[in-house]
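What follows is a set of structures to go through.
Consider the two complexes below, in which subunit A is the common component and subunit B and subunit C are the respective partners.
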Partner chain A sequence: MKLLMRFLRASASLKLTIFCLSAALVLVFAGTLAQVKMGLYLVQEAYFQSWIVWWTAPSGNFSIPAFPGGHLIGALLLINLIASLITRHIWSWKKLGIQLIHVGIIIMLAGGLATDLFSVHSFMRIKEGETKNYSEDSVRMELALIDHSDPEAEQVTAIAGERLADGGTIKHEALPFRIEIRGFYRNSGLQMISAQGGAAVPASTMGTGKRLAVKSLPRATRMDERDVMSAVIEIIPEGGQSLGTWLVSDSLAAAQEIEIAGSRWSVQMRPARYYNPYSLELLDFTHETYPGTQIPKNFSSKLNLVDAENNDSRQVLIYMNNPLRHQGATYYQSGFEPDNSGTVLQVVRNPGYQAPYIACVIVSLGLIYQFSIHLIGFARRRKTSTAP
Partner chain B sequence: MKRFGPYLVLLVFLLWLASSWRAPRAKPGDFDLASFDRIPVLVGGRIKPLDTVARNSLLILSGKQSLRLEQDGKKIKMPASRWLADVLFNPEVADTYPVFDIANPEMLGMLGLPDSGRRKCSYQELKPHIAKIDEEGKLAGELQATQRTPFQSAAFNLRNSLFLYQRLKSSVHQEGTKDFAKEIKTYADAVAAGVEKLRESNEALDKDRLMLLRGAVARYQAQSEFAYMLMIAPPAGGGEGDWLSTGDALMRVKSVATVPPSVYAFAEMGDAFRAGDTAKFLLVTREYADWLNTEHPEWASRTTFELRFNHIEPFYGSMVLYVAVFLLACFSWLVMPQGLRKTAFLLLLLAFAIHTFGMFARMYIQGRPPVTNLYSSAIFVGWGAVLLGIVLERMFKDGIGSAASGVVGFTTLVIAHHLGSSGDTLEMMQAVLDSNFWLATHVVVITLGYSAMFLAGMLGIVYLLLGLFTPLLTRDTAKALTRMVYGITCFALLFNFVGTVLGGIWADQSWGRFWGWDPKENGALLIVLWSALVLHARWGGYIRERGLMAMSIVGNAITAFSWFGVNMLGVGLHSYGFMDKAFPWLVGFVISQFLFVALSRLPARFWRSFRGAQQRDLNAVGFQSATTQS
Partner chain C sequence: MKPKLFSAGLFALALASCKQDKEIKVYRVAKETPAASADPHAGMPGMMPGGAMPGPVDGADPHAGVPGMGGGSADPHAGLTAEQLASAGAAMQQSQEFTDSPPSHWKKLPPSAMLLGKYQIEGPEGVTVDVTFSTLRSAPGGLLANINRWRGQLGQEPFADDAALKGNTRMVPSSFGEAVFIDIEGLMDSADPKKDGRLIGAIAESGPSAWFFKLRGNDALAAAERENFIRWVESVKLAEVSNAPVPAASPADAATSPVSPAAAPAGDGSVTWQQPEGWSVVNGSSARYATLAITDADGAKGELAVTHFPGDVGGDLANVNRWRSQIGLEPIDEAALATSVTQVTAGPKTIQVIDVTGPKNRCAAGWVAHGGETWFFKFTGPDALVGAQKAKFTAFLESIRFTKPD
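Moving on to the complex of A and B:
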């Protein structure tokens, strides 16, 4: 107990607060400038959602820890705040504001951490008249293997893209074959091999990849670009001969059909999907502009929500700054198909989304309280000092 | 005299302002544009008076709101709307006006002009090079703004300017049209005859009329695709989406009776203008403007108000006043402390009143909260800082609040002036930003936070300069300044924190993420972290008076980075375009702030105010009197 108190006293030090705030300043500043070269997504990973920021030598041979990352600074600050709340600020009316501010910041930091760890962002693209019951991840990919042997229902086995990066052999009880990873490209470009052949090497021995060459590209950094993941996989049925290699890639829109052990399968690299127990049908998408200009005024999607489980079916309208919240997911108007024929909704599942709202109210109350005390005291002092 | 002196000065400035509020009068023999100026048209999604269109267009092309010409050996200043009238109705003459501002030496070289610095070219001079400019500008347009060389930027801008100029010329009718009113009548008659023929016997028109119709329709089609302004107001009851270009309006005509009155009005205006008939021009413009007044009183009253706002130029007036306030407040520390300080304060109130009027006028015209883009943020940052400065001056009565307000008010308005050179500053809001609630809360609160940071930083600089170079910084003054900076930093933390969190909540409401590490968000976070750092360092006793001042000056640099710097990175959701011209200024400002910080680190013996207590007491007459007598 004594030891705990000593630890708390030490972590409540104002010096630690100053250190955390200064480190956060440097990190945020550096992380902002780094976005010019690395782009927002990679910077987030390397600077803000990490424990340590690594510095890689220009030659790329080795990395050394260069600076505390966002998670480390945030965690230190959290400990510092909690410790100081327990040990330093003795409860009193005069310090109520300070207490509130720190409680609020604790909630905000904790909420931020929860969001970083548990929130899931995905997109739902629907064309007018189309119905969808799943959304797609904007970053993560999956290798989908679909068994068509049952005419009633397709059976889908999905392998996370990250697993492919590890290479090696993949086996699964639902699959009557094993998969050998023969090549993996986090970001890639595909090119048609011309009739003359040339120097290009076909990416695979079977399927679409026979006519394509694949090459590795540096990771995408611009806001409007994303990585194109590709892999070359070899399929070997249980106790049988290899069927050859296939190229699967994010930029190949269509699934490739393979005949394996007498039944029909298709394989496809696609954005990771999240299925919902309800579906959305796009009735109408509108894109308004200001008269005589191309400046967008509003985008809105009229949808039919069908939730059989909860007997909840209704028409909903999603537009800018007016999302739909349903069963823990929130749907935002995010974009549209180039010819206005469909809509793109951003789907967010974030269990910690209420934390900033609560924190904001608490901190504001605390700041206003403390500020008012200050101002009143100040005005009183001035009155007494100017009085004769 | 001593009592009334300050009010007398105030009166003089009031009269000076009032004299500039009158609408300019036409010279005898020239066209009277008073009614022409207030005619509403629709450009960029907003209904505005022709005067605004003229000023903004000329600003984009030439960087000025009026045109300087040499006519018959005399230098004259032509108002923007007079230039616009020529562009619309008499393009051959307008083509000879030097309006295209070209400063890039390479560009001047390409145009075969002497490389003797910046100059203004006329359309006629540029005409032989249009193909080349078009090609270079198009190439530059394929690059990101941050990647363009100065020459490419110049080519890109010049191409845009030429495009705008051509579109302006096609707003009423195609170039080279002579007798538009007659043309319309012939065309409408032909259409009516055609309709009649079709109804009677299903037989086509005679060949001549058919050819005329075909030619006219092709012309009107081209005009409507190219027109910059939608000039034809819908009949009473119509909405903003019902405005048409003249070409579009004419293509919908069925007979003479169905030609919209607006088309006729512009045709007659043009014909009178080309004929040099000033009386007829005045009559037609006045009749048309009055007709719109009765058809669309709501639009007309707004455009009339906007025209008055254009004439008053409130921000120019307050800019001049802020300089006077600053000078008077500074002098008050040397001579006549009472009178000058009071005069400065009265003028500060006047400047603030005009500043406020200008801001509210913009809000009324646009129907939006005060901050909608960078330009209006500059106006609002200045406004907030001056408001805080007035409060400080009321409390401390030592001239410091007035002086700091004067500097911040003037500087922010100068910044606003330069930000406004890209055209209409009352632009329509993109769909994401189209939320008056969030614009009024998040944006206003965070911008007030900027104001507080700049005012605190300015007070830090006042402390430094007074202490280092003058004997005026007495213990009392230093204490007062410390209290001011401390209080304002608390205020800044409150507003920046609340504003940043509100921004996060807006983002959560519209994109589903509270925080995305976008540069603008990071900029706001930097300010919050910095003010928290300042306050904690102060509470912990790690910094004292001078440390607090030095940190508040660093706050200036951080706030400037977060306000403008992050927009120049060219990444993220908040980047409103690259401002290459502003970049050196920003760098210069940040460097200057760090130089101030370096100066503030000088040991106490270098500070004139701190050199020996006795000497200080003897020298400290100015301030003592200012603080104790009030």
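Moving on to the complex of A and C:
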């Protein structure tokens, strides 16, 4: 118990609070400047969604820890606040307001961490008259291996793109073959190999890659670009010989078909998909502009929500600042097809989205309570001092 | 114990997030209809608001090759089977039909793999030029990389940066928005001068997709077809438009965004024109349909603003007097207006034009009523610049065509 209290008292240090706040200040400043060269998304990864910010030597040979990352600073601040709450402020009615303020800020920080770790942003594109029950990630990729042997349904084995980065062998009970990662390109460029030959080497021995060369490219840093993930995979059936290598790439929109042990499979690198137990049908998309200009006035999507599990079927209208919230997902109006024939919805699943609201209410209550106590005390003292 | 539990919780959170990044999921879904699966990649609007330019997978390009390796004219996709085509053409949107208005002497060829459209032009003594139309999406590289690849195919040095690119290209209208237009001359040692020597191309970006128009072949014949090519680019329209989304800006964003949705010269396609040589489209005010800019050798700058408003916007006299006041001139009356207005014929339309010079600037402006609106084309700049560019401005007005009925 003594050890615990010592740890708590050390963690409750005001110096630690100052350090964390100062470090956060420096991190935000450095991260903002770094966006000039690295772009927003890489900076988010390296500075704010990391435990440590690493400095890499110009030669690229080695990296050393340079600064605490956003997660570490946030976590330290969280510990600091909790320890302070426990050790510094004696639980009493008089200090209830301060306690509430601390609790509110702790909820805010914890919610921020949860959002960072668990929120998922994706997009759902629907054309008028079309029904969809999945959205696609804007960053994460997946290697989808689809078994078409069942005439009723497709069995999809989706391997996260980040798993491919580890290389090696991938085995899974759902796959009657193993996959050897022969090449991985976080960002890549593909090029057709001229029929006249040349120095370019085919990316793979089978499929589309026979006519394509692949090369590694620097990570995309511009806001209007994203990495094009590619990989070269070798497929080896159980107890059999290699069927060859295939190039899978985000650049190749269609799946490649493979015959494996008498079954038809398809392989495809694609944005990670998130399926829902409900579907959305786009009934109508409206795009209004101000008269005489091209200035957008309003976008709205009229959808039919069908949730058979919850016996919930209704029409919904999504427009600017009026999202649809359903089963933990929020659908925002995000974009549209060039010919206005369809809509693009941003889908956000954020388990911590209520944390800021709850935190603000608690902090507000704490402030009101604490100021009220001071005000009442002040009024009493004044009354006493002015009494004849 | 609480701190330990708390720390353990934090690590569990971290581990959970890492695990989520590398997991393998297995699930069953109903078989997709071809329509639903045709475009599994269609754009990530959040990531590509400006449209990542398709890069080196220039499968659509019959002259495609490794830059610097020679611009072979053989189609690298020739001989692909239907099955290969289906997969190799994955970077393309094969199913799209398009309409166009090619010159009558262009010979239509069956589109080969990865090409949406293909023509051949034959000249004297066996010289030929190929014209192709294709699309790609979701690949890196950008405009500079694609233009440099084209330059490499003709043995030309790549442009060093975007500034060099900008200085050597101009914009032309297309149904996909403004297209970057370039004319490249060059002949590789191994190339046949009857079939190679000039590449005239245009690239239009639309969402995450890019549309490639390319004319390549004999130098002289290609040069002679240049204007036909520009008109053809403008005429190409998809029967089934790309699935690529255009990110929607909120009204508030649009009002402040430096990049206006109306900045493209073709805007929503209501009006088209031939862009004057040396002029470029710039990001102007969002209240404008388009803004074109010109800078002369002395650094003087002029601007052509295209706007349209419902009705007659107060009438000709009020508009002309507003422009006069903007350049420091006194207003005029109806009688003076009648003597200062000239006409320019633009197809079926007659555009009213005035040209007035103030103490500082000169303003040449044209206006025409169409579809219940009045369209304004106002060219403003220093007197010398506007005077020097007046002929081009007139040609610009003459090239204006409205695509929607009056």
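Just so we're on the same page, the second predicted complex is superposed on the first by the 351 of 388 C-alpha atoms of A that agree within 3 Å, B and C clash if a C-alpha of one lies under 4 Å from a C-alpha of the other, contacts with A are read in each partner's own complex, and residues count from 1 in each chain.
Basically, contacts are C-beta pairs under 8 Å (C-beta built on N, C-alpha and C of every residue); 3 or more make two chains touch, one makes a residue touch a chain.
Not measured: the values here are computed from a predicted model.
Asker: In the superposed model on subunit A, is it clash or fit for subunit B and subunit C?
Answerer: In the superposition, subunit B runs into subunit C.
Asker: If we overlay the two complexes on their shared chain A, which of subunit B and subunit C does A:113 touch? Say first, second, both or neither.
Answerer: After superposing on A, A:113 lies in contact with subunit C but is clear of subunit B.
Asker: Can A:121 be said to touch subunit B (first), subunit C (second), both, or neither?
Answerer: Both partners, subunit B and subunit C.
Asker: In the superposed arrangement, does subunit B or subunit C reach more residues of subunit A?
Answerer: After superposing on chain A, more of subunit A is contacted by C.
Asker: Which partner does A:71 reach: the first (subunit B), the second (subunit C), both, or neither?
Answerer: second
Asker: May I ask you to decide whether A:14 touches subunit B, subunit C, both, or neither, giving the answer as first, second, both or neither?
Answerer: After superposing on A, A:14 lies in contact with subunit B but is clear of subunit C.
Asker: With the two complexes superposed on chain A, say which partner A:79 touches: subunit B (first), subunit C (second), both, or neither.
Answerer: Touch partner of A:79: subunit C, not subunit B.
Asker: Between subunit B (first) and subunit C (second), which, if any, makes contact with A:298: first, second, both or neither?
Answerer: In the superposed model, A:298 contacts both subunit B and subunit C.
Asker: Looking at A:207 after the superposition, I want to know if it touches subunit B, subunit C, both of them or none. Which is it: first, second, both, neither?
Answerer: A:207: touches subunit C, not subunit B.
Asker: Quick one: is A:191 in contact with subunit B, with subunit C, with both, or with neither? Answer first, second, both or neither.
Answerer: second
Asker: I'd like to know which partner A:96 touches here: subunit B for first, subunit C for second, both or neither.
Answerer: A:96: touches no partner chain.
Asker: Following superposition on the C-alpha atoms of chain A, which segment of subunit B from the set 219-227, 291-299, 543-551 or 615-623 overlaps subunit C?
Answerer: Residues of subunit B that run into subunit C: 219-227.
Asker: In the superposed arrangement, what residues of subunit A touch both subunit B and subunit C?
Answerer: 121, 223, 291-293, 295-299, 320, 334, 346
Asker: Taking the touch rule as given, give the residues of subunit A at its contact with subunit C in the complex, in rising order.
Answerer: Spelled out, the residues of subunit A in touch with subunit C are 4, 7-8, 11, 51, 71, 75, 79, 82-83, 86, 113-114, 117-118, 121, 123, 125, 127, 130, 132, 136, 138-140, 142, 148, 150-160, 162-163, 166, 170, 172, 174, 187-196, 198-200, 207-208, 211-213, 215, 217, 220, 222-228, 250-257, 268, 270-271, 275, 287, 291-299, 320, 333-339, 341-342, 344, 346.
Asker: Spell out the residues on subunit A that touch subunit B in their complex, using ranges where they run on.
Answerer: Result: residues 14-15, 17-18, 21-22, 24-25, 28-29, 31-33, 35-36, 39-40, 43-44, 47-48, 108, 112, 115, 119, 121, 223, 289-293, 295-299, 320-321, 323, 330, 332, 334, 346-348, 350, 353, 356-357, 359-360, 363-364, 367-368, 370-371, 374-375, 378, 382 of subunit A touch subunit B.
Asker: Within the complex, which stretch of subunit B touches subunit A?
Answerer: 42-46, 230, 240-241, 243, 395, 427-428, 430-432, 434-435, 438, 483, 487, 490-491, 493-494, 497-498, 501-502, 504-506, 508-519, 522-523, 525-526, 529-530, 532-533, 536-537, 539-540, 542, 566, 569-572
Asker: Once bound in the complex, which stretches of subunit C touch subunit A?
Answerer: Interface residues on subunit C, with respect to subunit A: 1-3, 6-7, 10, 13-14, 16-17, 20-32, 35-36, 39-52, 54-59, 61, 64-66, 69-70, 72, 74-78, 80, 83-84, 86-93, 137-142, 145, 176, 206-207, 241-251, 254-255, 260-262, 267-268, 286-289, 307-310, 373.
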